[in-house]
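The structure appears right after this line, and notes come after that.
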């Protein structure tokens, strides 16, 4: 008999936080994708980064810090592990990480399999370029809406010879018919730019761009209302770039921009998405090596939990319907 | 003749901040407890911690950083060292730190002696479990009220075989008749939970629990008003857990919870306690090893100074009456 | 042929951020002061510091992090490098750094030469004592106004035998007829003091002192209005001490004070200076060794960019007039 | 089909090092203890620490860093995963971590089950007090020999009311008949002491104590020879305390002592144990929070690998015999 | 007149170390490649990294720390700036950093231009894959010899779909006829491997592989003798990977291996190359984000200086001949 | 009764290391200089630093870390607190820290008083310039000998307008007749120089300069023999600059030089001074802000303890004679 069989051997999810293997939220590890409603999945790829690489180590550290997160969202009462079968389904397999386009293809293959199993993916980056292959898997049938919380619109153009870097996934997604710009809102945009029309694509395509200054004036509640107005009742994806937070809250990221959201504001924004028809979400750009205190991954794990909660509500709701 | 006798040898409390021994606020060191009104005292014990230990090193580092604090509170004009005889009265003596219950007894012994001398204690943790033995010394005659600023209610149940850990002092205190739950307010509560009724004790016993979301909506001023309403005119204790602050402001702590107070909000809250009949206070859970920048202990020292200021006002007021 | 001559060899200011020499904002390096409208200049001197030295390394690290800043201010649309000829004009030369008064003289000599060339200086400290010799160069003809964002009024008295330390430049500046106290506003003042009348000089001379508590109540917009009322239409200098920010945002500084501004609030305050007749500015007291994450210099570089933007507008406006 | 079934989906042990769950050496996770020859097991307990706690987080971080270790020992040619079935068998279960004696009992229970399965344990601390309960499981039949690499003999007396702290496991082990002092060598001993006879027990009982100064003079080879002479052919345990290394190599530990071994010397010492009849080993006292660079856990993982290699040779040899 | 023209304005190379722009060794900045004997050149590319990226930031930080290095090598008396015209010739231009093979082509183009100007290159990585394109420029006429100090032979095979990653430049170089394996020595090799024949190419091709254990036994002097024997009188390149150093000396690197060289041993090894016909050298794999103390780049700058010294001797000697 | 009077309240010097005020070695605090044989004294002054300031914070952090040091030197058996009355006699008082020459005068005044009381000083810097005023107090009667362990001879010339900076104390000391160059040995010298004759003064005056390379060849024992030969039987002072250690062991210092001593070598060297007629010693240049791990101050405290041990032997010996 191993200790595993002891009656008093507690549930992995409620043991002391320093014990055992760090799966996401200490949920079951299910690389075989069986019996899973929501699959939390790492995408350890940062080949699309333009300046500070290192988000390939994001999933590892977020898993580690996610042990600090408990089972129930105290603010909303949501218990995602009760609403759904949540599992850590491993990392997207990238056999050729030295090459950007092929890597995106491999990531898409993984997400194709996830989607085929009827699993709602909750992805952990990796750099923001990985959202494009996720969309290719998740939105192949119809364009989807998006609530996008980020310092950057990521609807840029070619950069250094590539059109698939981490500053451009959403222009590509619109061009490929995966993302409905009219049902897209981008919140927290800020920072200096080299081209005053850098986010021209967002504006021209009809995305709702809420710069940081507008957010500061509107406040959280009105921003939520506007986001809900934009995305409406259709299927929606939430993409959360950790650099939407101010570097004081999340220094460990590739493209930090001063003057961002607080962690609390970010949490409240995501809670405000409750009831939407969420079909997937991601939390990207945690680059642990730039944060010797380890806080960024901890913040990322908490944001991921908020995403899990609203996603689990959506999954449960769809099940009923 | 030593330099001590030089006329130009400045007051320790106004020398350059890097000079001399770091007593709390560079106040006199009085382990003999003579001629002291307010005794700032370390409680270097973290045997009640459930995850990240290290707050036993809190008093040392807070003493060190407290040299940065000067004599007068610029915001309120309070000069605590003029209002009262403030001293660093050393550390509570814990002869058997490997055992929780006995350690609490030893801590209580120290505080018994402090209280017997008529000294108002201002304690620096150590983990939050130490507030229980402090209460046993300070509230033995009658239950007291409390303003409790924290991410957690700390009114939990048994955990891992112990009912005296740092997540449960206040349920024990109520059970022992030391704390009046009707005159208790808990501010800043947040974070995920494993049991939706985790703080059932707080609610059932009649404590006023102000979750972070409510605080965010009310703002500082209304929160202060509510706190004053709850605790009323009777004797009140202020217990400040550094994890009430957001990890961006205080990463060096045992149970960080994303989405917390800013340092300024915390300072304003404590200043709002001016005029209350404060009979003791603590600032706990600074765990320096989790903060390579050293900021957490500095923030803790400043919070401690705010506590000192409102406490010194209360002591002076009682003297007059 | 070197790669310098390749047509595809991009503008230094838009290359990847990790490439090449880190001049301020990757602007041209012009130690000869020719063809420059705004000269960004380091003042690597910290001989006036009272506690934690190290801001002599500030210019180096701010230069390094300033590569993260791009060409255009997205929030305001200002493109300073298009409005003006911006250059990195090197560091002020201090031949005898072991001596405070002589060092100030050397710094003034450098700024005299800058001003003689008709260059508007944007200085990067160094400690705050360096603003005095800058004023001696820039305001020798008439007293100027000032928007001063700082945790401290820096209008103190003698300290440890010197009247020229980093806590006193502005009392000296008024005494020398360089600064008009009636056209001076000081924003963000806070922290404990050893003398309740520490900033008596500010109050007596008629400066508008806005303590942090007042700022918290007024908010950014009303503070901007008040600042504009105080300084009026005359020539104005903006002096930004990084310790105006809360240590969560900028831990790497000599005299951190808990309870300060956020980076966003600071950015908005400076943007609110648009249209004023700015004749110079500085950003001081970044001491990199106290911040292992490197964030403080990054925040400093972004604040410097905001200062550059409003200064470039003023320069362009004066050119037209 | 999940990616798990893809032919090109590589062996977990040779995937990129940032991918997947960090079991020790990315070996299989076998909490059920089936089909295991050598069980690498975490003992996340630091309740026996006398100064700086935190080694409860050691197993987690060593697991994480152990992904950097590959399959084969290049220096010796040993391929432990080929010689034996190596598995990560989880963490020892400590239901009551607030109490030292009971915790040791729980740890022993775990190791009893491991030993009953015929598994050779390779333990990762936790503090050094955990070796005592391991011995109670592994040496219950007869006293064993030990090669002990450490800055401290850990044969101390009562401290602060306890005789089971991390400075005393080996005096207890001798007293309980678990350890044969005549077949015990302690290497690397140094540091200041409060009692000149602190390690009297070691000397009186006949242990071979090699102080750092002697090691420095003898060098690695002669030290190995002496160690082999002392332990002879009988069953031997290797206990490696990370504080045997100089703090330059391993700052993240509870009781650092200046003037220690280099990592290379430690590696060579362990390799010198090849051929001995090793029946178990541990690597203890990695306390990650004291090392912002993360290096200590990485060094610990490499030392653990050396222990694994010589242990696997012993297991293979016993199988043959 | 600017301060540049002041007679007392000191030589940039002897000003205080915190002043001015950080070119390598504060040597002149000559992107135009005119009047240069030895060109120190950054290669900020890390697209060939298999685990921890970030060496693209290496040249920046090495430049910064190189200001700590003075003009003359005290140990050898060599004054490289007197022997040769040393310049910082900027960074190799990589227009398409997202793609490995094309990036190598671009790096080669830069070095082609350098070689065409008769400049001896001293390269600062970047990851070790960049040595291959350097060889393509520098050794196109005939195979060269090499002294290679590293933890890894870097003569590996395909990895994750690429044959040009940072673990394989030297097998490629031999295959392309650029490197003479018989005149190649590799020193400091160690670490675990996934394939016992990982460095089969080195052995089969006739390179002299000196594993760390052999180095430990031989010592510095005999190792130097062996290196000189192997490379002989012909043209030789020195390639220094910072991971040859133990992580205690250089934690900030992509593939740290425990048990390495000390900084002093590395310095002595390079000094031992005096008199060889050195035609180029590199110092690679400094990844600053993994070292919060900043020491790795400082060590790297000092190693680079040793390389500069022996290279300048070779250049001067060839000039005479 | 306070806990101070409890029989079981242990001696401050043997309490847990995190308890109480951090005097040096937890020795008594005696600012009045009464009943002291050896006075450990801080000199928190860094006004003579040429690059990285911050050693003014050295005494504070060394005091803090010195609690880790116990009563007896295990390697030598020396128990300094039994041999002598050791006390922490506070910090040298520098009323005007902004001015170098006057500060030196103030430091001398303090040491004059110490020497007048017959106290042997053990000083903790501060920068190395402070040894000059110490010599002026301690050697006013006759020149003394010195064992000087350092990366730099510190016998330089004027630098940036001053002849009293931290690179020149010993040329001044010889010129003033305080130091006998013939009885002076300097060990560990290394690093690049701007002037090949930088240490001409050392050589010309007859000091024995042992460069690092010679030390590496001779080894510890022969170096000790040579040091003893040079200083002979006369009065000798030991000056230990923490930058003699390699930056891997002590990164937190003002002028780090790669390729230095290990901590163990330094300990052995000082132990080799046993029996000499030591009349004073110092340990200088610990600058804590450059070492986020805190190790440098810990190493410094241990070196200081070695100095205390050999000094206490000398004091005891003189008492007998």
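We call the chains A, B, C, D, E and F, going by the order they appear; numbering starts again at 1 in every chain.
Here is the rule we use: a contact is a pair of C-beta atoms (placed from the backbone, for glycine too) under 8 Å apart; a residue touches a chain by one contact, two chains touch by 3 or more.
As the structure is a computational prediction, the values presented were derived from the model and not from experiment.
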Shortest chain-hopping distance from chain B out to chain E: 2
Per Cα centroids, the chain farthest from chain E: B
Furthest chain, CA centroid comparison against chain D: C
Length of the line joining the C-alpha centres of chain A and chain D, rounded to whole Å: 39
Intercentroid distance (Cα basis), chain F paired with chain D, Å: 38
Overlap residues in chain F, where contacts from two or more other chains coincide: 16, 18, 52, 56-57, 95, 97, 160, 246, 248, 290, 292-293
Topology of the chain contact graph, where touching chains are joined (line, ring, star, complete, other): other
Pairs of chains satisfying the touch condition: A-B, A-C, A-D, A-E, B-C, B-D, B-F, C-E, C-F, D-E, D-F, E-F
Residue ranges of chain A in contact with chain B within the complex: 13-14, 16-18, 68-75, 77, 79, 246, 248-249, 262-264, 267-268, 292-295, 298-299, 302-303, 305
Of all residues in chain A, those that touch chain C in their complex: 50-52, 160, 189-196, 198, 211-213, 216, 246-248, 251, 255-256, 258-260, 290-293
Contact footprint of chain F on chain B as seen in their complex: 1-4, 6, 8-10, 16, 18-23, 29, 31-33, 42, 44, 56-57, 59-60, 63-64, 88-93, 95, 97, 109-110, 113, 117, 292-293
For the chain C and chain F complex, residues of the former touching the latter: 46-48, 52-54, 56-57, 95-100, 102, 160-162, 164-165, 289-290, 292
